Structure formats: structure tokens, C-alpha cells
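Look at the two complexes coming up: chain A is in both, with chain B in one and chain C in the other.
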Partner chain A sequence: MITKVLATFAVVITGALLLYGVSDFPAFGDPHSPANAGVEGGAPSISNYYITKSYEDTKVPNLVTSVLADYRGYDTMFETVVIFAAGMAIFAILRVFSDEDDIEPNETHSEGNTFTDGDHSRIIVGTTVRLVVPVIQLFALYVVAHGHHSPGGGFQGGVILGASFIIIALAMDLDAALARFSEKSYFRLASVGILIYAGFGVLCQVLGSDFLDYGILQKIFLTDGPEMARSHSMLGVEVGVAFTVTGIMFAIYANLSSRGTLKSAL
Partner chain B sequence: MIFAFDIVILIFLIVAAVIALNVKDLLSSSMIYGIYGFLICLLWAEMGAVDVAFTEAAVGAGVSTVLFIATVYNTRRRSSD
Partner chain C sequence: MAEFFQTTIHDYFNYWVYVILMMIGLWAVIAKNNLIKKLIGLSIFQTAIILFYVSIGVKDGASIPILHHHDPAAHAVSHEESHHKEGHKGDDSAAHKEPGDDKGDNAEAHAVNPDLIANPLPHVLMLTAIVVGVATLGVALALSQRIFKEFGTLEESELLEQLKGGNVDG
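Up next, the complex of A and B:
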């Protein structure tokens, strides 16, 4: 009881302090706040620069993508590495290898756990999933490929693509999803994604510029100026992010739902 | 920003958060957490941060709810110790 009172007390005090701190912030969308207008006689505003110059610099209409994938390329690259590390950690903690389980999958496969076999609810759910999954995957690819023109990008598209495999695993069973996207292939896909991202960075270095400074890649893409090269590189980098996120999302689900055995889940 | 819309979302947000913490069943709790994610997604879309809203809808509300449910499925009602 006393701990509950103390916990409530701590939460209320912390909340009050946070609210007090927030009250000092400039108002939402205030054009005169330091972030939007810059400091008088000091640093110019960075958000102003992004808003006015990012289209000229990169020819990418979606400001968010150009900031994330170009101006702050390191940030996004190591975010992707964090996701990869999370997948690896879950693999290292949960994954169980045992010999006696190896006999099981043949048994379950002979029962015919496919989309439409089995009880009636499985027929309905299986047919719906079979109709919906291609649409989801197409939408995911659109989100990735169109991320620098409309909202979206590698993270969102990768999550949707990974979720389409999770839906297969939910509607049927994990074996059916793993038959389409095996453990070997999802980890391979995740590693290739980071390699693509880092590869773009190293390629820039090889051509004589800084790491992830895409402008120099116009020599490879044969574009008119560095702007379109930056635009194309952003697309390539987003594809790399999408690969990693797709693989890791499904890896996390597969390991969590089956207690790391990758068999007989949900 | 539309003030009335904001207030409605924020009230629902607090209600969803309190219910998600207080509900006894873990499965319902994770479902309500998904609702919480969608409400935050709505709030961000309404504030103009469409990319963040998209991420929240896909990651926060979509996949993480499924991951929670997958984890809850592997728990038992009574602890063994």
C-alpha cells in the first residue's frame, strides 16, 4: 500500500515537472521560435534551410525523406543497424535448436495445413488472406518506391512487407510462412539491406567524397547534376532500409510466437 | 490544428491508456494498446506529420500489437512459482 502511494506521488511529481517544462516551449507552429526563425545575430534556422533549399538540393518533394535519408543519413543508417541488432538480440535470446523437434515438421506437413484445408473457419480466413496478401505486398513496394514523393519510405514499407508474412503466419501457421520466407532468407535479406545502405556510403568515399555524400554518385548514375544523383541514392538507401526492416520484423514475430523453436506457433 | 478534434482525441487517448493499464486480461490490454497507437497516429496526422503518423500506424499500432499478442499467447494465466 505504502509503495503504491509513493509510486503515485512520484508519477504525479514527474508529470507536473514535465508539464512545467513544456509550458516554456514555443507554441506549435510559432514562426518566431528559435527553431523556425533562427537566433538573432547567431545561427540561422536549420528548418528554414530545409524548407527553402531541400528541393533545390535534392529534387525530392518529400521534405521528411530528404532530411532523413540525405541530410541525416548517418542517423537513419544507424537506426537501421539498431533494428538489425534488435533482431539479432531476439534471435540470440529466444532461438532454440533441438534435435527432437526436427522429426515434428514432417508430421504436421502430412496433415496438409495449407491455406484451404482443415476446418471451415480456416477456409474463410485462408482465402481472405490469399486475396489480401498480394495487395498488401504491392502497396508495401509502392510505399518504398514512392517514399521520396509521398509519405512513406523504407521503414513503413518494410514493416508492411514484413506484416504481410506475419499475416500468412497468423492465418495458417508459422511453417507455411517460413516456407515462403525461411530463416536463412530473412536474415540474409536483413544483412543485405544494411550492406546496401553502407555500400552507398562507401561508394561515395571510393569516388572521392565523404561517407553518404550522395552528390558525387552522379558519375555512376550519369545524371545532369548532383541533385538527381542524391534523389536516386535516397531511393536506393530506402530499399536497403526496407530489406532490413522486412527481414527483422518477420524474424521477431517468428521467434516470439514460437518460443524460438520456429515450429507450431499460434 | 482543430481544437475540438484535438480535445476528443486526447481524452480518448487518456481513457485508452488508463484502461490498457488497469484491465486484467493481457490480451485485451494489448488490443487497447493498439487503439492507443491508432489514436496517436490520428493525432499526428491531424498535426500534419504524415510520415510519423504512417510509421505509427504501421509499427506502433499494427506490428507491435501483433507481437504483443504473440507474446501473450505464450504466457499462462498463473505463474508457476
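Up next, the complex of A and C:
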């Protein structure tokens, strides 16, 4: 009880101080706030540079994608590595391999859980999922591939693609999902994703430019100028990001829902 | 009163929401005894930060940070200017860079007006933060599952008691 009183006290004090500081902030929606337009007399705003110059530099109309995959490509690469490392950490923490040593054999092994076994309660859900999953996956591929022209990109498309396998696991069972996307393949996919991203960086170095400086790749893509090479490379690294995110999202679900056994989930 | 509302709440509404949400999350992290509830608090805290970042990228009257594909400056020009440009419309987008416009400095005439496009940078930062947040939440849940396996509880007080009693197996 005393903890809660002290916590409330600390939270109220902190909140009051933060709200006191709010009065110095720019108003909501102010286009000339320091975050949007830079400080007066200071350095020019990087955001405005992105808005005005990004299309000239990269020929990518979606500014979020061009900033994500090109200007801040190094940052994004390691964000992807963080996701990969999270997947590895979950594997290391939870995964158990032996059947006998399973500490809590709580459920009978996938009895009547598969769609084909004729569990009537699952027929409607299972059939719906069968019909919907291809559409979800097609949409995911669209989101990845069209990420530089419309809202989307590797992270979003990868999450949708990973969710399409999670929905299979939810509606049928984990075995049905693992039959389509096994442990071997999702970790392989995740590693390949990182490899693609880093490979683009190394390729730029090999051709004599800086790490992840895609402009030099015009020698490979045979484009007219470095701008289109940047655009194509962005699609490439987005595909790498999508691979990693797809694999790790499903890995997280598969390990958490089955307590690391990858059997008889939920 | 109305003026007070306008200057303190209305103009700074996003900051109020983020502070309140953040404090709800912070309270849960400090005061709750259950590790899962602490995680929920942590997620609310994170959501507050995301909301804060996205809200500072908002510009009144601005469009989404995706330019018109063939004419990046289409957002930025006034109505009659865009009408004036109709003649160029069939051209390749590279044609916009060529001089010969009677408006003088062509690059300026076709530049994108930053005030009419929302700030893309906070979106980029939060886009990765959301996905990384999901992955790290997964790690946190995996750790809690492991703790539950070892100790049979997720209540912090009971965990501390067990640890003090030296009742650690494995």
C-alpha cells in the first residue's frame, strides 16, 4: 500500500513538472516549430532538407521511405539487427528441444486441433482463414514492393506477412503454421534479410563508395544516374527488412505461444 | 476561462495527452506488483513517447509526406500556378528542372514548400521504434514465461521472498 502512495506521489510530481514544461513547447500543428523548421539563426532544418531535396536525390516520392532506407540507412540496418537479436534472444531464453523434459506437459498433443481432423468449431474459422490468408500475403507483398510510392515499406509489409502466418497458427494450430513456415525457414529468412541489407552496404564499398551509399550502384543497375540507383537499392533493402521482420514476428509468436516447445500451442 | 482553455489545453493538447499517458505507464511500472502488469505499463509509456514524436511532426494544413509522383511540387503551388503548369504536364519529371520558365528561378518555382508537407522524420523514427518495440516486448514476455517456469509466480513480492529464502532451483 505504501508503495502505491509513494508511486502516486512520484507520478503526480513528475507529471506536474512535465506539464509545467509544456508551456515552453511550440503549439500543436505549428509548421514553424523548431522540430519542423529548425531554430531561427541556427542550422537549417534537416526535416525541411528531406522534404525539399529528397525527390531530387532519390526519385522516391514517399519521403518516409527515402529517409528510412537511404538518409538514415545505417540506423535502419541496426534497427533490423535489433529485431533479429530479439528473435535470437527469445530462441535462447525459451526454446526447449527434448519432449520428455518438458516441464509442464499441460496439453494433449494437438488432439483434434488440425483443420482436417474435423473439429467442427474450427471449420468456419479455418475456412475463412484459408480464403483470407492469400489475400493478406498478397497485400503484404504489395506494401513491401510499393513502399516508395505509397504508404508502406519493409517493416509494415514484414509485419503483415508475419501476421498472416500467426493467423494460421491461431485459427488452425501451430503445427499447421509450422508446416508452412518451419523454424528452419523463418530463422533462415531472418538471417537472409540482414544479409541482403548489409550486402547492399558492402557492395557499395566494393564498388568504391561508402557503406550504404547506394548512388554508386548505378554501375550494377545500369540506371541513368545515381538517383534511380538509390531508388532501386531502397527497394532491395526494404525487401531485406521485410524478410527479417516476417521471420522474427512469427518466431516470437511460435516460441511464446508454445513455451518454447513449438508443439501444441495455446 | 475560454482563453485559458485555448492557450493551455487546446494549443498544447498533444502534450497533455502524452504526459498523462506516460504517467499512467510510469505508475504501473512503479506500483504494480505483477510483472505482466509492469510490462503493460511499459508499453503504455512507450506509446506515449510515440504519440509525442508523431504529434510534433504535425503541421496545420499539411499533407502526408508522400509527394506527387510525377510532379513533386504539385502540393506546393497555388491553384493558378498549377494551372500555368498544365503545359508541362506531358513532359518527363526531369523537364521541370530545365530553365525557360518565365517565372525566373525555376528551381525555386518548382521547389516543394515544406510547410505543406508533414515532417517525415518523426514518422521514420517511430516506424522503426514500433516494430522494435514489439520485438523487445516479445523478449520481455519470453523472460516472464521463463521466470514463471522457474518460480511458479509473476508477483514481484513473492519472487523477492523466494530469492531471499534462497529457494532458487536450477
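A few remarks follow.
Note that in this section the second predicted complex is superposed on the first by the 236 of 266 C-alpha atoms of A that agree within 3 Å, B and C clash if a C-alpha of one lies under 4 Å from a C-alpha of the other, contacts with A are read in each partner's own complex, and residues count from 1 in each chain.
Simple rule for what comes next: contacts are C-beta pairs under 8 Å (C-beta built on N, C-alpha and C of every residue); 3 or more make two chains touch, one makes a residue touch a chain.
Quick caveat: nothing in here was measured; it's all calculated off a predicted structure.
Which of chain B and chain C touches more residues of chain A: that partner is C.
Of the two partner chains placed by superposition, chain B and chain C are both touched by A:Phe28. In the superposed pair of complexes, A:Val11 makes contact with chain C only, with no contact to chain B.
Touch criterion met: A:Val64 reaches chain B and chain C at once. When the two complexes are overlaid on their common chain A, residue A:Pro151 makes contact with chain B and with chain C alike. When the shared chain is aligned, no partner comes close enough to touch A:Pro134: not chain B, not chain C. When the shared chain is aligned, chain B and chain C each come close enough to touch A:Met249.
Note: residues 28-29, 62, 64, 151, 153, 155-156, 159, 249, 252, 256, 259 of chain A belong to the chain B contact set and to the chain C contact set alike, using the contact criterion stated above. Across the complex, chain A meets chain C through its residues 3-4, 6-8, 10-12, 14-15, 18-19, 22-23, 25-33, 35-37, 45-48, 50-52, 55, 61-64, 67-68, 72, 75-76, 79, 82-83, 86-87, 89-90, 93-94, 103-104, 149-151, 153, 155-156, 158-159, 245, 248-249, 252, 255-256, 259-260. Interface residues of chain B facing chain A in the complex, by the touch rule stated above, are 1, 47, 50-51, 53-55, 58-59, 62-63, 66-67, 70-71, 73-74. Looking at the complex, you find that chain A touches chain B at residues 28-29, 62, 64-65, 143, 151-153, 155-156, 159-160, 162-163, 166, 170, 249, 252-253, 256-257, 259, 265-266. Residue ranges of chain C in contact with chain A, taken from their complex: 8, 11-16, 19-20, 22-23, 26-27, 30-31, 55-62, 64-69, 72, 111-112, 114-115, 117, 119-124, 127-128, 130-132, 134-136, 138-139, 141-143, 145-146, 149.
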